[in-house]
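Chain lettering (A, B, C, D, E and F) follows the sequence in which the chains are written, and residue indices restart at 1 in each chain.
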Amino acid sequence: MNTEQDGYPTGHTPLLSAPPGRPTRAVVEALSGVSAATACAKLHHQGVTRTFIDGPAPLHRDAEIRVTGAAVTLQFMPQREDVFSGQGQEDAERRSALWAVLESIRPGDVLVVSAQAAQRTGCLGDMLVRYFKLRGGAGIVVDGRIRDAGKVRALGVPVWCTGVTPHYASQTELFPYAYNVPVAVGGALVRPGDLVIADDDGAVVVPPSHAQAIADDALAHQDKEEFARRRLDAGGRLSDYYPLTGRGLDEYVAHQGSSNGR
Amino acid sequence: MNTEQDGYPTGHTPLLSAPPGRPTRAVVEALSGVSAATACAKLHHQGVTRTFIDGPAPLHRDAEIRVTGAAVTLQFMPQREDVFSGQGQEDAERRSALWAVLESIRPGDVLVVSAQAAQRTGCLGDMLVRYFKLRGGAGIVVDGRIRDAGKVRALGVPVWCTGVTPHYASQTELFPYAYNVPVAVGGALVRPGDLVIADDDGAVVVPPSHAQAIADDALAHQDKEEFARRRLDAGGRLSDYYPLTGRGLDEYVAHQGSSNGR
Amino acid sequence: MNTEQDGYPTGHTPLLSAPPGRPTRAVVEALSGVSAATACAKLHHQGVTRTFIDGPAPLHRDAEIRVTGAAVTLQFMPQREDVFSGQGQEDAERRSALWAVLESIRPGDVLVVSAQAAQRTGCLGDMLVRYFKLRGGAGIVVDGRIRDAGKVRALGVPVWCTGVTPHYASQTELFPYAYNVPVAVGGALVRPGDLVIADDDGAVVVPPSHAQAIADDALAHQDKEEFARRRLDAGGRLSDYYPLTGRGLDEYVAHQGSSNGR
Amino acid sequence: MNTEQDGYPTGHTPLLSAPPGRPTRAVVEALSGVSAATACAKLHHQGVTRTFIDGPAPLHRDAEIRVTGAAVTLQFMPQREDVFSGQGQEDAERRSALWAVLESIRPGDVLVVSAQAAQRTGCLGDMLVRYFKLRGGAGIVVDGRIRDAGKVRALGVPVWCTGVTPHYASQTELFPYAYNVPVAVGGALVRPGDLVIADDDGAVVVPPSHAQAIADDALAHQDKEEFARRRLDAGGRLSDYYPLTGRGLDEYVAHQGSSNGR
Amino acid sequence: MNTEQDGYPTGHTPLLSAPPGRPTRAVVEALSGVSAATACAKLHHQGVTRTFIDGPAPLHRDAEIRVTGAAVTLQFMPQREDVFSGQGQEDAERRSALWAVLESIRPGDVLVVSAQAAQRTGCLGDMLVRYFKLRGGAGIVVDGRIRDAGKVRALGVPVWCTGVTPHYASQTELFPYAYNVPVAVGGALVRPGDLVIADDDGAVVVPPSHAQAIADDALAHQDKEEFARRRLDAGGRLSDYYPLTGRGLDEYVAHQGSSNGR
Amino acid sequence: MNTEQDGYPTGHTPLLSAPPGRPTRAVVEALSGVSAATACAKLHHQGVTRTFIDGPAPLHRDAEIRVTGAAVTLQFMPQREDVFSGQGQEDAERRSALWAVLESIRPGDVLVVSAQAAQRTGCLGDMLVRYFKLRGGAGIVVDGRIRDAGKVRALGVPVWCTGVTPHYASQTELFPYAYNVPVAVGGALVRPGDLVIADDDGAVVVPPSHAQAIADDALAHQDKEEFARRRLDAGGRLSDYYPLTGRGLDEYVAHQGSSNGR
């Protein structure tokens, strides 16, 4: 995997698993009933421990919005005027990775933007989010800020970000560098094709290789929790029914048997 | 510059300048008399504004150490156990980008490590810094922590980092991902082959395309400052001699003429 | 108060006042009309200066919710696998202080959770908050994060916390350690039996010994403010009527006399 | 501009532009259709680069509120009991700069409060915001906290602040020092008479000298964006119509010609 | 383990391991050759993952000081004037847990102070550190600040802290609450009798139950590293000799055999 | 104290004490034996509670340097290109408040620089500190960064600052605005003529009105501590001799009587 470039050998850690490629619609759908919290817990039990994209919070104000989709990634890098030699801001931005990544959006995709939680860059604004929506994008996760917050809210595209600012994308400190490369966002690694679940608890990355198992497991888990909820509402003790093990589990199994027997 | 990979078009902003490649020894030497502060100021005047690698501070305690060299880069990424599938920590680390980058070090190189200022990762320790020294490395800049601080200090390799920790490189949150790729460190973009000046003020990246001009300019600048210093010591007023413009500059030019006339 | 334990003398500062014990319903009710801001100001005037639990903000979105109740406390501590030796996460959590504290909730109690503002721990989730509600709990203050934010909002239990996360209670960094012990939360000391007022301004601890005086004082204060509000609305000058001293106070006293005389 | 005071020569940098004085109503109105993001971008293009007041976020919850007005300023300073010698909190506050600045409010003014993002000071509360509203004030920007958040929301005065707290204005760390002096707020310099635009993206300072140009420019800009929006909705490519240059611009010019020709 | 106190059931998570009690001198000595970094790595391999006390850095300036000893703990809590009812600062401090913990120091002990990284409290000063030294204390770890930094440095007692301040112990925000209780310090749990290793990398807690194994393991580890160092110095490749596995390990085993055979 | 300026009434809180003016040499000398910690504690007992300038730490590495002198102040403000209209950086800086304040330095003065702890501004560098030294300045306290750290250390002028950077004074975010005006530095208010004590614990502001009392009190305090130190060294108990009250105080008084009797 190593190559020589400009006199510098370059490469990646060779033990890395292959990038996932585009997930099937089936796997996205299977996962669509799973909350970020449940996915994160299940992945932790399976040994994948850093899946939470810490920082980005919902921009929208309506509770209980959940987005599940495949990641398309965009990487901002610190501005260096000798490297990014566009003539004039507007033209340069238009030919940057920011425009390119939007053209690559397919319906249901989640745009994941790496911006190092920078405070003086509004990575996306009204016009770009509008175009994202036109292309069928499902949601946007930015470990940085956005601009035009009011208009973006009005568009109805769910956005998770670390804040808002009136600054535009290349105003001072960052500029759009590459797209659909692996990125570090809020302490998590996201590669194009990874699945992302974002809801009121924030955004979580789900390796596609684990998605089906998570989905199956979560279904069973939610069924148990529903049973426990009913028992607690009926006056059961927390430690008997949550988590559902021991005697509570026996009851549940019996209950399931009778339900299925019908 | 765009390619298709795993169903994802991928690429960089097309307007980027070409990466610099290995700088000549001559340009490194020309720059070796220039402080980080002078280089940073001159680059700012030339329109390159974000050259300071903010965060890493000297680990060594002796004042006035300065390192100038070509950057070799290492990129840490958030740990994801499904991606980094090495069997056992020790073996996995040995086959990682961390080992590979050390093998790529040539005498006089500066290792620049991108670790997102993470607090629970000791990116390098005694053994690796020792090997870096054996290969002739000049200095190390880490936007993160190192371990074995006492032994590393004793080795005498100048290190700039954001702190120390007893954790090892892949203990929890990060792992070595790629080497000799462009990296974001402390708010600056560094590519392999960029020049780095690090001293008591911290580390600054210098585009090789600007290095010779900076070096020439700095020489003239330092000569002027030396003249100003002598005048101030002799009782001159600050605003007459620093900065050296107007009447002070006339004096300096006259003084230079007489010096050269000898 | 000193004892010997495992070879270590152990104890508290002997000058501490006795812990308050369960407050009466009367004192809770007396305080229920007092805002966090008024209680905090009055306590400061009485010499109790650090009563604000800084950090936790309302999770709910409806303005003007206020909770007043007696504190039940829960203390998280940093995870140490050699100390917390439960077999399996689910079973261990069930037998932890987290489950125990929920069983101790009485109607009207406020659960105060000390979690050192840790960022990777979701101290409570949907199921536990649901059980808290079933037991009649009035509100929850966490100097840390919670999970299942969407579902918790839907439950309608007022929660103040420093953020949300998909992580569960003992996923990485903390675990539930003890309950109904004195805790440090957001720069304030809270002991079981202390009163807590939480509203849009955040949460404040009120020593039960001061509660009645605060309640009486606040009543008079609010009456004065109501008078001042009317005068300001009628075109009065701010410095005449707020705060209500001097001439404004005379007017108020006169006004009160005439009101009472009716 | 230098003077001698108590044995200390004192003064300002002599190259400063003169303070703006009260802006005309016309200039405020011209700017009222411009968003904070557009103003910030346009000012950056004109060479004024630090106009964003970073930190204060909307307290109100309704999206799309925008306030445009002339700045009236209030400066808090760290509490020093030997300097601020008022007898008793209430009386002292009443005779402070906080009361004075409120008396100076004219209809449409924006109160800008410098409080160094301090965390233990509630700079303003219900009664003072009520008085601000009575005097016709348009909005309030605080780089610090306020108190009585619930009541202030109910008053309907738009407020941008860094948080809320139950503490009152001079409870511990700060006290109101001076009014209508230049202040540093969230990394921006604001002088009385400067224009302020605050909306969902935060607050931006606009020098009155640039206001008319910004307003004219923004009008043209918004017209172009509206055209681009329609084209994108009709299936146009992002890079053809946003930003509107080249062929897209030609179309727009042609479109405008035909519109005007009618 | 649950008890009833003042109407509140109180207790700990029942699954906790018993507190360690005073470690033997032998186990402290066995560990004295092990660095904080090695202990932290070995504990991580054994499943104890949060042993680093993050925050406290060496106050002393001489490199390579290491302290190993048994923990004696002191807990500061937020100041509450109604709880800590001492008459006058000096007398109150003297009768507090701070004085008591110093009386409990035995030769070789390490004092671990929990102060929530508070910034306005100087937990210890010259006189108390002097007394600590007189009693034979080995070192001090504070997750907070100390005062009299110059004099404390001159005393020669190694101190790790998060900073310095001229404030005294109970000046504003905290007061000494309890001693020899379990404490949370810099993200780690420390109980009296736990072992602490502090050096240039910071401080690490070592459960006594793991100490002997860590010491044995570290001895073998250091022997291997010494062998690897010699091989690297002789021109060996990093990946052959560090870590020492495969062929390098065979060489080492052969080398050991021949050494022992002598 | 209120005036009308550009249509804006402007003024200060009227209850402020008068600014101190230049202190006499006698009062500076009286205070020169007092540490920052002792002054801070004594001022707190006298009711002046926020005297610590939190943030600036010694740049110099030699322990036990203490500086006592009268404050000369410099205020940086956020850069605004429409306000600071200098032609060219060098000329503009030379005519700024930064140059002016250096001309106002008298022997023994302490320069106190307010820079809002900004991270991208090197407020002072080698040449200016050199000039400061030539004018007899005693020390410099900056709540921000400096540049040329190596050379400044070599000059031997004691500097307290929040960090170092290669940026120059007006490179990006701030510029020198005014001098010898009241400033907020690290949470403390400093006016020209206030006394400043800076040592290893950091810098403290001392109101001249309190200086003599602090000096007298500190002398007595230090005498008592010296007595206590000797008693502790001789095996005395901490609580008997520190603080020196009760029986310990009686011993001390008796000891003093006999000493004076000689």
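Assume contacts are C-beta pairs under 8 Å (C-beta built on N, C-alpha and C of every residue); 3 or more make two chains touch, one makes a residue touch a chain.
According to UniProt, the chain labels map to these proteins: A, B, C, D, E, F = Putative 4-hydroxy-4-methyl-2-oxoglutarate aldolase.
Just so it is clear, the structure is predicted and the values come from calculations on it, not from any experiment.
K.L.:
By that same contact rule, can you tell me which chains touch chain A and chain D alike?
P.N.:
C
K.L.:
Going by the stated contact rule, which chains contact chain A and chain E alike?
P.N.:
Expected: B, C.
K.L.:
Let me spell it out: compute each chain's centre from its C-alpha atoms, then which one is farthest from chain C's centre?
P.N.:
B
K.L.:
For the two copies chain F and chain B, is the contact made of the same residues on each side, with over half of the numbers shared, or of different residues?
P.N.:
Different; most numbers are used by only one of chain B and chain F.
K.L.:
Counting in whole Å, what is the centre-to-centre distance of chain C and chain D, each centre being its mean C-alpha position?
P.N.:
Measuring from centre to centre gives 34 Å for this pair.
K.L.:
Using mean C-alpha positions as chain centres, tell me how far chain D is from chain F in Å, no decimals.
P.N.:
The mean C-alpha positions of chain D and chain F differ by 33 Å.
K.L.:
In chain F, which residues are in touch with two or more of the other chains?
P.N.:
49, 61, 95
K.L.:
Classify the inter-chain contact topology: is it line, ring, star, complete, or other?
P.N.:
other
K.L.:
What chain-chain pairs meet the touch criterion?
P.N.:
All touching pairs, sorted by chain label, are A-B, A-C, A-D, B-E, B-F, C-D, C-E, D-F, E-F.
K.L.:
Any idea which chain C residues touch chain A in the complex?
P.N.:
Its residues touching chain A are 61, 89-91, 93-95, 99, 102-103, 119-120, 122, 125, 127-128, 130-131, 134, 147-151, 153-154, 163-168, 171-172.
K.L.:
Which residues, counting only chain F, touch chain D once they are in their complex?
P.N.:
Touch residues, chain F against chain D: 2, 5-17, 19-22, 47-51, 72, 77-86, 92, 95-97, 100, 104, 116, 173, 175-182, 184, 187-189, 191-193, 205, 207, 209-210.
K.L.:
Enumerate the contact residues on chain B facing chain F in the complex.
P.N.:
Residues 35-37, 39-41, 44-45, 49, 52, 54, 57, 61, 63-64, 66, 199-202, 204, 225, 228-229, 232-233, 237-239, 242-243, 245 of chain B touch chain F in their complex.
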